[in-house]
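Paired with subunit B in one complex and with subunit C in the other, subunit A is shared by the two complexes that follow.
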Partner chain A sequence: MTFGALRIAQKDLNIELRTRERMTSMVLLSLVIILSFRFAFFGFDVNLTGSPELVAPILWTTIFFAGLVGLESSFSYEKENKYLDGLLLLPTSRFSIYLGKMLSNFLFLVVIDVMTVVFIIAFFAYDFGGDILTLFLVLLLGTFSFVAMGTLISGMTMSARTRQSLLQIALIPLIVFTVVIPAVVATSTVVIGSGDLAPDLRILGGFGILSLLLAYLLFGHILEG
Partner chain B sequence: MERRKLIDIVLVILAVVFVSATTLAAFYYAPLEPVDVLTVVEHESDYTGDDVRVKGVVHDLSGQDLSLWDISSPDPGITINVTYSGEGDLSTLASDGDTVYVVGRYDPDDGFSAKEVEIADDPDEPAGWTSPYSAKIFYFHVPAAWTSFLAFGVVLGCSIAYLLKGGQKWDIWALSSAEVGLMFNTVAVISGALWAKAEWGYYWDWNDAKLFSTFVLWLIFIAYVAIRSGAVRHESIPRVAAIFGVLGFAAVPISFISSRIWTSLHPNVVASSTGHLSSEAGTVLMLGVLAFTFVYATLFSRRTAIERSVMEIQDLKEKLEEEE
Partner chain C sequence: MVGGMKGTDSRNEIIETRNLTKKFRSLTAVRNLSLKIGRGEVTVLFGPNGAGKTTLIRILCTLSRPTSGDLLVDGLNTSNNGREVRRKIGVVLHDPLLYDDLTAAENLRFYCRMYGSDESRVDELLDLFGLRHRRNDRIAVLSSGMVKRLSIARAMIHDPDILIFDEPFSSLDSDSISKMVSLIGQLRSGGKTVLLATHHLKEGYDVGERLVIMKKGRIVFDERKAETSAVEFESAYDELTGASS
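And then the complex of A and B:
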């Protein structure tokens, strides 16, 4: 089961290494969103060092929207090119397809995490200092939780004509309490340097695992028919 | 076919009768809770215990019939004891002749046991709720919220049945119930916001767990309906919607318990330790719940009929195209 998942993730990585289609659009989107924030704050002379409470919302808004683009193309690529039947014929469980897709989405989004942090450092001249390792722990956990539910919803909405907007409409309400708020609060805790990280990390991890469990139960139903 | 029509007519009649009854009862029978008005005639200012006892006279609100305000209250004019266990010292708060508003429960043997006591600036303006007449919206707000939970529960049940057994019936029921439930949820959110404006002074507070979680629930079922309508007619859509219905229902218990476990200004009147609902208010509330359930049943029945017609027309269309 896990072996099949790894092979599917490897296939996605290979395609990405050759075409660089998804990474390019995701990284560029992340850049454009950060720049939009930069220009939106133009008149206010915003200084993130002075108001670090803005770092987490900017960081996660960027990651979520760049991530949504990645999630959207995850299954639509297979669907549009009629590769989905090929995937379904693989001698592995449906859940492995989900796991493999989740793994590749996760890896792509981790790159976006890193790039977004780099963009914030570059365009807002913000110094994360010694927090950067703890920050990446929060980013990894938040990304895992986001991708775990996101891949499930992405699989659900792939056949819809309006899947781009549908993925966002369907996914965001489900993750408001469970991913968005805990991720932003945990990141703020790290950046501002006061408060307890553990409860928010527990929500993120717990929801990620719950999403895996739901995918295990439901993903077979999604790919049927 | 005829039987269905008959059921529809009966449901419409029941809905109209019960909604009218609830409206009348809410305005003419239900008490304004939790307002009780007392005029202090003497108080023990040197009392140093945790509880301060204040003797008061139940005050008639500028000609209002007190029995209309709260039937569980004693008759106007009699002297009762108030045991105050809230913050502060009541003896410094109230003095002889003051009109005080007491939020609490009246017991014929023990008098009032009060958690909140307020001195009235204006004796004509009751203070338990800032706006006690607006609190009447409670008899519509709570039934609407409950009915939306019921409707989403039906979505959950039908979605699970569809996933396990299949069958177009479950799919149509789930879709219809989601749309009708969404409408009731909208009613609950809007009526809540209107009440909040009258009572709290603002329509909405994003930091309030109850408001936020109910809004998320609303968004989730917007998404459910969007999944149904935004898609081409595709075999997988009912299944996808069913899965989303199962996922989305998780927000219902969160919305229900949120004001009980997280900080929220939202009152917990029902199914909580702080709630106190007189039997009259409870009766009107139950009437409201019944009324809204009948409205739900009526709309649900109409909606399923429409969806069945849609399916029938689409099948006929497909047949026609095949013949051509």
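And then the complex of A and C:
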């Protein structure tokens, strides 16, 4: 991680702390999704503990949708407000700009990860027990992998008028087998307490690293294009 | 080409373009353009809309890649030394490139850190541009003149050798234009190389040492100010561009 990337991420965090625009949308969306599941599946009879296999899909559906909202505004904020040239004029590599944006997207989504777990505990009275640390390992790795590719696609689609749908159209097929399914399966393995975590963690980590490599090779061309 | 000036002593060239061409699909914005700019020189690019000034400026500051040709800044080819070249230049574009949601000081501090400059430079520039008292105000609440001054401070945060301005006089009132002319004079006195693109003939003529007119992506006039009076220059501009100044 370069110093330039850290400073870009720090700048994004400062702006978010001041405006709270992106996090407000992401938190509200995650809350709405969790509440929808809560009342759709269980009415007023709260008992997710008896159905632990539902924890993973509820958790990741919430994280992915909130993450898409965050990713969509990652580069479009710079582009629409005409700040992007300021970043491109800096004596830093284009990859550092990607890394900075990826880091801030990652941190925003980690906050959503934590809040989603808290919402599940609060609204479903679910007890993660001793699995919580392993669960967070899976959440961090899944979030990294999602954001690594998502930030790259967000950069590619920032100039498009229909960037929100383009981001989804381009990103979702790429992450179904590489992030969504491994993340859900790994989370279920942790929550249910049986099975082997390693293969899914390898897929998540491998795809995250592959996304970084692609960004390293392509991001300069994407920004200058 | 009227005048036919080819540039300066090669030892003193800080910017050199060689057969630079930029195409956007079927449109050629810059055509086979060769230009040498001397160190410490104030060069003004004139031309009507669509002449290719902004495209050339964006290539010079590495925001856009040429379709063909070379660009050297202080001997460095921009095609493979973009980061080093960007350290040598400060750029003031039409957009201020300042974050509305951050304060004046926070914006300058961000750019200062990105360039690895000493943070004392932030207050130094706020003082220089008379904005110290607004350091904790967000950009969104500053006047357009203040934002313009702050955008110049941003461009100067790393004390670059070369300052590039794209349309520095547009959307400024007459008082702010005078200040801008004075600032460019100070930069010249400080030994900075200044390149600016404008369609403000009078102000551009006043600040420039070298006057270049572009039309349809080509240089059609290149003279030192000492060799052409304001009246001669204006009539050459009208004749070459078909415009009425």
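We adopt the following convention: the second predicted complex is superposed on the first by the 218 of 225 C-alpha atoms of A that agree within 3 Å, B and C clash if a C-alpha of one lies under 4 Å from a C-alpha of the other, contacts with A are read in each partner's own complex, and residues count from 1 in each chain.
Rule of thumb we're sticking to: a residue touches a chain if its C-beta (ideal position, glycine included) is under 8 Å from a C-beta of that chain, and two chains touch if they have at least 3 such contacts.
Computed from a prediction, not measured in an experiment: that's the story for all the values here.
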Note to self: Quick check for you: in the superposed arrangement, does A:176 touch first (subunit B), second (subunit C), both or neither?
What the structure shows: first
Note to self: If we overlay the two complexes on their shared chain A, which of subunit B and subunit C does A:91 touch? Say first, second, both or neither.
What the structure shows: second
Next item on the list: Name the contact category of A:82: first (subunit B only), second (subunit C only), both, or neither.
Entry: second
Note to self: For A:224 in the superposed arrangement: first (subunit B), second (subunit C), both or neither?
What the structure shows: both
Note to self: With both complexes overlaid on chain A, does A:185 touch subunit B (first), subunit C (second), both or neither?
What the structure shows: neither
Notebook entry, point to check: Can A:156 be said to touch subunit B (first), subunit C (second), both, or neither?
Noted result: first
Next item on the list: Look at A:166 in the shared chain and tell me whether it touches subunit B only, subunit C only, both, or neither; answer first, second, both or neither.
Entry: first
Item checked: Set intersection of subunit A contacts, subunit C complex versus subunit B complex -> 224
Checklist line | List of subunit A residues in touch with subunit B within their complex | finding: 156-157, 159-162, 165-166, 169-170, 172-174, 176-177, 214, 218, 221-222, 224-225
Note to self: Could you list, by residue number, the parts of subunit C that touch subunit A in their complex?
What the structure shows: 61-65, 83-84, 86-87, 89, 91, 93, 95, 97-102, 106, 110-111, 113-115, 154, 158
Next item on the list: Flag every residue of subunit B that touches subunit A in the complex, lowest number first.
Entry: 163, 212-213, 216, 219-220, 222-223, 226-227, 230-232, 234-237, 239-240, 242-244, 246-248, 251, 254
Item checked: Residues on subunit A engaged by subunit C in the complex (per definition of touch) -> 4, 7-8, 11, 14-15, 18-19, 81-83, 85-86, 88-93, 224
